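To keep things simple, chains are lettered A, B and C as they appear, and every chain counts its residues starting from 1.
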Amino acid sequence: MSAVTDTDAHATPRDRLTRARALHWLLAVALLLACLASLQIGASDVRITGLLASLARGEALSQMERVVLLDIRLPRLAMGMLVGAALAVSGAAMQGLFRNPLADPGIVGVGAGAGLGAILAIVLGALLPTWLTGITGNQLVPFAAFLGGWGSTILLYRVSTSGGRTSVATMLLAGIALGALAGALSGILVYIADDQQLRDLTFWGLGSLAGASWAKVLAAGPMILAAIAAALMLGRGLNGLALGEATAAHIGIDVQRMKSIAILAVAAATGAAVAVSGGIGFVGIVVPHLLRLASGPDHRTLLLNSALLGATLLILADVIARTVIAPAELPIGIVTAVLGAPVFLWILLKRRGLVLS
Amino acid sequence: MTLHAENIRVSYGRREVLAGVSLIAQAGEVTAIVGPNGSGKSTLLGAITASLPYKGRVHLNGQDIATLRPWELAAQRAVLPQASHLAFPFTVIEVVRLGLQSGAAGDRSDVPLRALARVGLAHYSDRSFQELSGGEAQRVMLARVLAQVWAPIEDGTPRWLLLDEPVSSLDIAHQLQVMQIARDFTQAGGGVIAVMHDLNLTALFADKVAILAGGECLASGAPCEVLTDVILSRAYGCALRVSAPPPAGIPYILPHAASA
Amino acid sequence: MTRWRCRLAFFAMIGALLGSDPAQAQQERDILSIGGTVTEIVVALGQQNRLKARDTTSRYPPDVTRLPDVGYMRALSPEGVLSVGPSLIISAEGAGPPEALDVIRGADVDFVEVPDARDGAGILRKIEVVGDALGVPERADALEAEVGAALAEAIKTADRPEAGKKRVLFILSTQGGRINASGTGTEADAIIRMAGGINAVTEFEGYRQMTDEAIGLAAPDVVLMMNRGGDHGIADDDLLAMPAVRLTPAAQTRSIVRMDGLLLLGFGPRTAEAVALLSRAIYGDGP
């Protein structure tokens, strides 16, 4: 079991808990500011300050303003918040469940399955019967990704659960096997894909909020919110799990129930997030890490702070993605990687002098 | 009120580790389980704490533990494991707080600090747990366990401490301190079952002793009845003499002769 | 009185010249052109003054690269496109993502899709669609006639008896030592045939990785590749040294042809030129 020591356990626990609670408010304010920035900044000249001024004067919004604000920026903002919070909370929950600070939400198989679903839809979508594509419309890829994510999570769960007990060690190994299998199947599909499909695949893998629409927000939103709410209740349980599964049971935690809720919540949240926005990396790993450094590993506050910080960071990453090479747009996965990788390295280097047990 | 383990059988695969062991522990008494390595002591404790699958029945304060949910069990008994793992960098006081049943109220309670004071580590409360030595970590875990069942009697029902080798990493002074904590707990009405390696400490502090060997209980009763030449030699497979003075010239230090 | 009339006539003439093309009366830049060939057609129809922005693949004529670039056409940014402020988008097939197009259409921007082409008729259709969208049908007709004639001429010149035709292998990329070549049903296949050649590979459709042996069996007389800017492409010597290629007739005669990708595969106004160039490159200057 790998664990990494923390540099400032010297602050009194009262301070750590207080600091963590203060962070709730700080991050909420940061989120609010990020939302405002997201509505204010964009490739076009539409500015929310200008809008409010016109509204105050009693003028109606122009069509351009209406489209940019209501059909582009606002749904992107909503989706960015949902996806960012989903990925960060899932990361924190999985790190707690697997007792490993390097775990990421994909560990329950969601990523491999969702990716495979997306590839299937992109490459073989034309072969599907019309009644099926009629239902999904042009949202075949998100549907397939979502089903793929769930399918692989259920498969992993069944493989690692016997006699009513889920073995996280088995889940880890089975996840590796499943990932390899998904990779092989993907390879076959990549081979038969044509040029355009390959480009679509690549872009899907890099992740983007460009396809944000109210339909997607309404489809993914409730599920993500419900899953996050469920995950937030796991705080005490995940704390106890840090002592080991046996001891966690001894202090009164229903370990199996907690595992099931955690896995289901992560599958739902991450599955929905990946389905609507493709493969966005680093948020699930880096956000919980940063928060542990700032205010300790108590999951009761870590999960909520992860949601807030994840949402804020993804919104800001999206602002960068859609303005840095305007009028073109950078896939958001590139922004999170470019920002996230150095931060991750910094975290690792910072701890290098300390004990790794 | 008792903890009654009936005919416990445990197998790892085909190998039978416990072949039908029974044990009755009374509240208000320290019951020690001793025996050689591999005799099944920790396994027996594992069955009693419902940590591993077993055949037979265990009744705690009159209720079959198999019918109780984890939190119902946790309200009546606390378990000190042999080794302490901690996957994340919690501080000492945060670890002790993990023992508390109620979440939010636990943060404001002073029980964790008092438990730490009982084991002599109140000044360590803000240290990172992962920086502690083996012995200190074990004492912090004991504090956690004490915090979980702080009142030895709750609603007229005795609560239990189930300890797996509680003094194995401690120096002699702390060994005495910890065993005294166990004794105090039982004198206030609680029950203690401890798996012990050290026969001298067992003799000093236990009210009842059960000795296991080869997955079976060889004998159980008062220390002077169980800790005899014959039984001990048979259990440990080497000639042991009880209460025999050692050869002259070699110093011997017995906990019996220690004083605070 | 006469001088006054002269001046009037002079100014009337100037005015008539300036106002002669009704479509150019309003010289507002309002078009976003997506697709290299679509942009070429817009320029060939004399409407380059109306171009406000283009996509990444639009690189000819070189002037258009000075216009803002909205990025890769299958990954458009809805706000980016709208910020450019076009009133009309003329796009090659396959722009996306679909949600972005929905939003753009919702902002009352006209969107005209130009179907892909792999033959002369298709090219003419492209010109017609673009011309209609731009409101210059007469110019489009003129351009179609010009292009159609030039293309027919080039194909006729390039044609030769079956026995005299050379086998051409189009290689898309050699990344990682693996050869990705064109089978049937692609623009590469079409242009090879127009230029009087035979596609050395007919066993599959589209672009595929081929095994070394399959390339040996294909026995191309000529290898055709796109000219990649800078040094992205593989050097001739390196290509000929690859085991798959080394034993082909093309390697023995060092027959490697490189042409600009947009010119070769774009299927637009310059395709006649492409056919002629390719044919000359394959067969030399003689018949």
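The rule is simple: a residue touches a chain if its C-beta (ideal position, glycine included) is under 8 Å from a C-beta of that chain, and two chains touch if they have at least 3 such contacts.
Because the structure is a prediction, the values reported are computed rather than measured.
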Shortest walk length in steps over touching chains, subunit A through to subunit C: 1
Reference subunit C; chain at largest CA-centroid distance: B
Rounded Å distance between subunit A and subunit C, as computed from the means of their C-alpha atoms: 41
Mean-CA-position distance for subunit B and subunit A (Å): 44
Distance between chain centroids, defined by C-alpha means - subunit B, subunit C (Å): 82
For subunit C, residues contacting two or more additional chains: none
List of subunit B residues in touch with subunit A within their complex: 49-51, 69-71, 73-75, 78-79, 81, 84-91, 93-95, 97-99, 101, 103, 107, 125-128, 130-131, 148
Sites on subunit A touched by subunit B in the complex: 1, 3-6, 9-13, 16-17, 96, 99-101, 235-236, 239-244, 246-247, 249-255, 292, 296-298, 300, 355, 357
Subunit C - residues contacting subunit A, complex: 53, 56, 68-72, 74-84, 94, 96-100, 102-103, 106-108, 206-209
List of subunit A residues in touch with subunit C within their complex: 42-45, 63-64, 67-68, 71-73, 138, 191, 194-196, 199-200, 203, 208, 210-213, 216, 322, 325-329, 331
